[in-house]
Amino acid sequence: MVLKIIEYLGIVFGVIILGLLYGGIARKVIARIHRRYGPPFYQNILDVLKLFAKSNEASHGVMFNLGPVIAFTGVLVSLFFIPLGSFRPLFSFEGDIFVVFYLLVVAPLGMALGAGEGANPNATIGIARGLTLMLGYELVFFLSVLAPMIHHRTASIATLVTVQSAFPHWNVFPFFISAFAGLIALHGMMGEKPFDQVIAPHEIASGPMVEYSGKFLGLLQLYHAVGIIVETGLVVDIFFGGGNWLTFILKTFFLFITLVIINAVMPRFRIGQAVKFYWKYPLVISLIGLLIVAIWR
Amino acid sequence: MNGGAMFYGAAIALIIGGIMIAATKRNLIKIIIGLNIMETGVNLLLITTGYISGGTAPIMNKTWTKVVDPIPQALVLTAIVIGVAVTAMALSIVVRIYEKNNSLDIRKIKEMRW
Amino acid sequence: MIKKVLIILLFVLLGLSLYSVVKYNTFGEDKTVVARHYIDYGMKETGSQNIVTAVVVLYRGFDTLGEVTVLFLAATALGALLHGLRFKSKEKEPSSLIVSTAARYIFPLIILFGTYVFVHGHLTPGGGFPGGVIIASAFLLLFLAYTQKEVSEKTLSLTEGTAGILYVITGLLGLVMLNSFLANFLPKGIPGKLLSAGIIPLIYILIGFKVGAEMTGVLRNLKEEEK
Amino acid sequence: MTLFYILLILFVGGILTYLGAKISKHLGHAIAFTSSTLSLYFHSILYGKLYGFTIDIGLFKLHAVAFSPLSWLIGEIVVVIGFLSILASFKEKHSDFYYLSVQFLLAGMLLFVNAYDSITLFLSLELVTLFSFFGIWDGRKESAVKYLIWNLLGAYFIVAAIAILYRFTGSYFMNEVHYLGKAQKLVLFLLLFAGFAVKSALMPFHVWVKDAYRDSPHSFTALLSGAVSKIGIFGYFLIMFYTFAKFFIGAKYLQLTLAWLGGITALFAGIYATTKDDSKELLAYSSISQLGYVVAGIALATPLSISAGAFQFVGHAIFETLLFFTIASVAYRTGTTRMTELGGLIKKMPVSFIGLLFGIIALSGIPPTVGFPGKWMLYESFIIEGRILLAAVIFTASITAFLYSFRLVYSIFLGPLPSKYEDLKEAPFNFTFPIIVLLIPLLLFGVQPGIVLYYIDRFLSIFGIGKIEHSYSYIVTSLGKFNALYVGIVFAAAFVFAFIVYLLGGRTRKVHQFDNFTAGEVVDESYKLHYVDDFYLFLEREIKGFLKLRIESLYDWLSKFVDGLGDAVRRVYSGSHGDYIVYLGFTLLLLILIYGGKLWF
Amino acid sequence: MVNPILIIAISLFGAFFIALISPFVKRTGKIIAFLTIGFDLYIGASLALKSLRTPVIAYTAGFKPPFSINLVVEPFSAVFLLIVLTIGFLISLYYLAHPGEEPEDKFFTLLILNLMGASGIIMTGDLFNLFVFFEITAISSYALVSIRKQKASLEGGIKYLIISSIGSSLFLVAIALLYGQTGTLNIADIAAKLPFINKSVALVAFLLILVAFFVESEIFPFNGWAPDAYQGAGEGISALLAGVISKAGLYALIRLTFTLLDLPLRSKLLIVFGIMTFLIAELSALKQKRVKRMLAYSSIGQMGLVVAIFGIGTIPALKAAIFQGVNHAVSKVALFLLVGMVIKNLGIYKLDDYKGLGRKNPLLGLLFSLAILNLLGFPLFAGFWSKLSILLSTGKQGLYLLLSLILTGAIVEVYYYVRFMKILYERNEEASHLEIHLLEAMPIIAMAAFIIIIGVNPGLITPLFEKASEAIFMKFSYINLVIGG
């Protein structure tokens, strides 16, 4: 029992470190593309440590404090329902893809609640944009994920991973259209350019995070780090066959870096444009993907 | 044209003529006259219905041979009285209307509508 | 104009269609059961020589009661409607000497004639209604001749009220004695005599008074408004 | 006969409340409290029993029998919410008649869910309509009129169906429709469905909801949304799985049409909800949207989807009521329900905030609350049945739920606190008590959905529909599995972990809300820091065309048309006697010509 | 010994008595009218009770029908007699505390005679006698409508008089036609001879009778007089029109079309004209600004509905129609009397002037609401059961179009009545307080009690309607009753 708990704690820490490293590498990659030097790849770990070390931080109230905690809780909970490579947390069998969908919402909700109490309109604008954007990408993501699900007649992520365990059986091959739509959705989900209206540092000063500093920002960094692994991991599990811990890390890493590279060269949509974009192209693509599945079956 | 056709025709003509007068005239007195003509027509119709060829008044003294139907006569008696009553009623309303409007024109009393 | 023509057309058509039905009713032929019965047995059953009177007062006496009521109603309604009416009328000229003198002599004669008509209702054509109206015409003459002449409302009211109540009581007596409203509970006598036909002359007398009073009332009311 | 006595208690209690309140307000309150408590108690002890009664009123016999297991469940929802609503309404200003109407309304609803013959059904439906009308009447009369007209329309659909049913079956009992033809069954079914659709505010019969919910007394809105709308849903269950069960289970296209109707309702209402400024209007649309899920679920008529619908419907009763009670408590203190005038109340009304927070969490369907299992089963059943587009529509609808529910919680409780609310206190016990009470099932059924599902199972098995695999904590479908208890445990553990991490950090210091990041400017109240006006303006801009397409405009046109017709028709009465005579003559001539045309020839 | 004649005799006695003493003792009409009508009601009620077991027949002048006029009280006429006399009694009770129209003695004489005429119409077994009583009712109604002597009442009165006299003349033409064919005037006798009548004559006579009594029972397009008469008349008289006069016309219509001339086209005509009236009147009521005119249109509409349901002609439908007729009478009379109290106190006529009255005067508001809700057919009120029976009986015959039209009209009706209720309960500080005399409110309270008691237990009264509808349905039992035995 104790061992089990320690094991889980270890995984959590591992994921956190991994996520932070991904973030750091992303900064580096972007910098290089922008012909800058960029920070070291471990910079994010240092940032978090620094932030947690600070004290005497401004707090605006209980919900303001709890917001980051809930956000972090949200991603941690989702983590336990997603198979991480060969490592299958106990609960990944006890909840399927729809559970994960809804668990993934908890984190943004927590952030939103916390930011809301900060009484900074920038934060709220960011959240409103985030929710609106959600109206765009979530549906696309949902529809693209449905394709392999319907084909394999299961909603359990663990089962999906099992059926595509060998290389040529990756879902991305038969469902490449859906996977493509899913990747566009993932891009928005992760808030990478051109879908970074939520943060939009130059417009609304980092949006929801505007009032946060110190350990709150640290928690949000952690949330972000774990979020990267959870979201890319979900796509890897569904479309790219999961794999053992090494291949899983590699797959998520390459997926993430691809998105980051796109991010680095893109400008930003207006929020209306972004939503409209999702309703136009990816949605149609995902529907075509579903249609193919329907015909194929 | 036999007698029946004549009397019945006259009765119907009176009725229709009376109604027509009531419908088209504007003077209240004329309208009431129209109604009276109509009543007369109805009475004629009733009486005609009770007529028996060659019959006399149904008074059973020594001389009677054939009498007309007494019932319509009784009915008409009643109907006449009722007609008088209605006319009196109508005239009294007209008097009042004249008092209010100083006119007998029914177009002046079209205030209540719709 | 077109409207008027259309209306005329409409009613002419209505008349024609009514006529086309009315002509199915036989004309001048012998009548059926009920009328036959009245003609054959009427005199025996009622004691009245005048079958119309028998029908009016006995067989369909209930109608007649209604009829009286209608007249009463008209008088009352007239009184009610013209109550308190005051025209700013022009000065009334007194009528000419000829009229007023003649009226003085003719008035009692008319009254007498009216009385004769309603008393002999069961024997000869006539009856309470004509008689009453004749009496009222006497009062009309009076009103014409003497413009200032008044008939007391109290008298009229008393007359018509009493007559009416007596009529109802007569009917109720029939109900009490013969178990039928307006039944002839008096001896029938010999048809053709003045004192015959049981309650018929009685009722006709009451009707005569009542109608006389009511019609006079109507006239009085209509005269009144001219003041 | 217990049910009869419950009804009697409510009826007599209502009258006594009315009379008592004439003597003293408190006496009236005491009587209302007593009668609602008694009815709650007596109804609760009926659990698991068969109960009912028959009374002869001369013209008809009224039968009330708990023939469906849902009867008790919905009855219990009704008495619980009724009790809470009455409790909360003591603090509000009401006419004496209000308490009478609420108690009569409860009686009507109890009678409705137990009605065994169509006369009783219609009688109780009309009772519900009338007395909820009086409830809203206590708020604002225009909306009450609108409510009444619409609900009468629904009732008339139902009475027409009953009349036709009576013609063909010669019976007032609802279940004797076997030997009707298919088309007849369809027409009857649709008539009844439309009737109940008005009550449960399914599109396109939803237009009364916005006004009725916004303008009814706040504690009464909870009852309206939590219990009265359930009447319509119970009606669906009644016709789909009892009266027309054999017909409906087989009618695939009909099921699909109705399910789509539910889905579209859920989506459209969700979108409308995001654009509303008034919190009660927003919740009204959210209520419509949530009930759309229910319809979509039960219309699909598989055991899983019915369970989903039924669960969602229990969940809706809990969280929607909770939300309306929190709004009621806010409105009680601040006197407004407009979100633009509120803000920052979390510091002043923590209990209400917690209620609203959990309410919206459940509303958005986030586990481990009561909102999730229903939605989960719904998706699973749609995918299993291959209704993918429908699933997508529902899914989109549930995203809109995030949008509007965040707007709700932010605009009222978060953001800066207007200075006029500095001295605000938490709402009185009458309001916080219902909130706290409703939080219990909200979480309990969230981690132990089986409690509700076992009850739904009884319904499914009695009506021979099938069964789903579940225990108290987990549900299994052919697609996947969901263990609510584990989600709950993981949640707790993760929260503890995250909190520990939080505690690891340095100390914090409390600052005023205006003391914030504003690019160096010093702000005060003259700066509009509360982002509430046109919250989703950019979204509204994108869907402008869609928002213009409203069924209301059709209804407006219709009402204008009737109005104009009335104006035109009454001109027949031209006031001229000549015209009247001509009408008379003309009609007579016409009749003679029609029926006696041969007279002429 | 209860004899139907007594109603007529007592009424006449009362009326003549008022005439007799009014020149000497003023203002006794009120009391005498109240006593007379009360006595009438007592006799009527005992007659009705008796007739449920065995129908009562009374001959006049000691001869059997068809040679003399007879009065018949069987369950159908008993129900109408009860309606008419009860409503009349309540109206006279109302007038005990409410000032009558001037001149009072004559006014009450007219009232008594009007009721007598109505009960005569209902009881008589003779066609021509029916005409006479019909005229008594009509003439007294003309007088009662115009007795207020204001412009509006005179206008209403003269229009009523013109249209109604034409109607009654047409009736007389029909009588002449029928007499010419059968040689008898007894309703039962003519009905028995119906197979031998020339078809065309029967048809035209039927149509004439239909039109004549459509005029009286306010059926479109013969009802041009009705809104004006309602609006112009005093409020008690409007109540009388709604509760007594139109009901008597309705009775005659039903009796003559069901018993006298039982032609197959009746059903269609009654339904078509009835529902047309219902819809047109309800739509017209929608835009009215005056309370009384709105109530008038609603009254017309209700009559149309009742006639349409009578047209269906099955026993359940007849029962429903009678029930609805009773409910309409009760509600509408209550409404008119309430309006009368408002007008007496405040002198207001417009809908908008009622703003806040119900809030300020709880009793008034309550009674208004009760009457309205009953009329609209809400549960716990008697109207619910009658509306329900109507709809069920309509559906039972498969008349779906009729059903949907009724429901459509009902929605319109609900709309304008609830709007009225809304105005009554609107917040208005300037609303005045009403002095309500308890005696004046007494009849309305009695009607409210009736509404609620019947609403909770309709079984108390429906057996009566059941019998009545059987009685009117069985034409031959009536014929046998009058001339068979």
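Per-chain numbering from 1; labels A, B, C, D and E assigned in written order.
We take it that contacts are C-beta pairs under 8 Å (C-beta built on N, C-alpha and C of every residue); 3 or more make two chains touch, one makes a residue touch a chain.
Given the structure is predicted, the values throughout are model-derived calculations rather than measurements.
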Partner chains shared by chain B and chain E (touch criterion as defined above):
C, D
If you average the Cα atoms per chain, which one ends up farthest from chain B?
A
Which two chains does the highest number of contacting C-beta pairs join?
A-D
Farthest from chain D in C-alpha centre terms, which chain would that be?
C
Based only on mean CA positions, could you tell me how far chain A sits from chain B in angstrom?
99
Inter-chain centre distance, chain A versus chain D - centres from mean C-alpha coordinates, in Å:
36
Chain B and chain D, separation of their C-alpha mean positions in angstrom
68
Between chain D and chain E, what is the separation of their C-alpha centroids in Å?
44
What parts of chain A, by residue number, touch at least two of the other chains?
none
Out of chain D, which residues touch more than one other chain, so two or more?
570, 573-575, 577-578, 581-582, 585-586, 588, 592, 596, 599
Residues of chain C that touch two or more other chains sit at 7, 11, 14, 17-18, 20-22, 25-26, 31, 34-35, 38, 59-60, 63, 66-67, 70, 73-74, 77, 81
Contacting chain pairs, sorted by label, are A-D, B-C, B-D, B-E, C-D, C-E, D-E
Which positions of chain C touch chain B when the two form their complex?
4, 7-8, 11-12, 14-15, 18-19, 22-23, 25-31, 34-35, 38-39, 42-43, 49-52, 54-56, 59-60, 63-64, 66-67, 70-71, 73-75, 77-78, 81-82, 85, 87, 123-125, 129, 191-192, 218, 221-222, 225
In their shared complex, chain E is touched by residues of chain C numbered 17-18, 20-22, 24-26, 31-35, 37-38, 45, 58-63, 65-67, 69-70, 72-74, 76-77, 79-81, 83-84, 153-154, 157-158, 160-162, 164-165, 168, 171-172, 174-175, 178, 180-184
Which positions of chain D touch chain C when the two form their complex?
578, 582, 585-586, 588-589, 592-593, 596, 599-600
Quick one: in the complex, what on chain E touches chain C?
3, 5, 8-9, 12-13, 15-17, 19-24, 58-63, 66-69, 102-103, 106-107, 109-110, 113, 116, 120, 126, 128-129, 132-133, 135-136, 139-140, 142-143, 146-147, 149, 173, 176-177, 180-185, 198, 200-201, 203-204
As the complex stands, chain D meets chain E at residues 56-59, 104, 119, 122-124, 126-127, 130, 137, 141-142, 144-145, 148-149, 152-153, 156, 159-160, 162-164, 166-167, 562-563, 565-567, 569-570, 572-575, 577, 579-581, 583-584, 586-588, 591-592, 595-596, 598-599
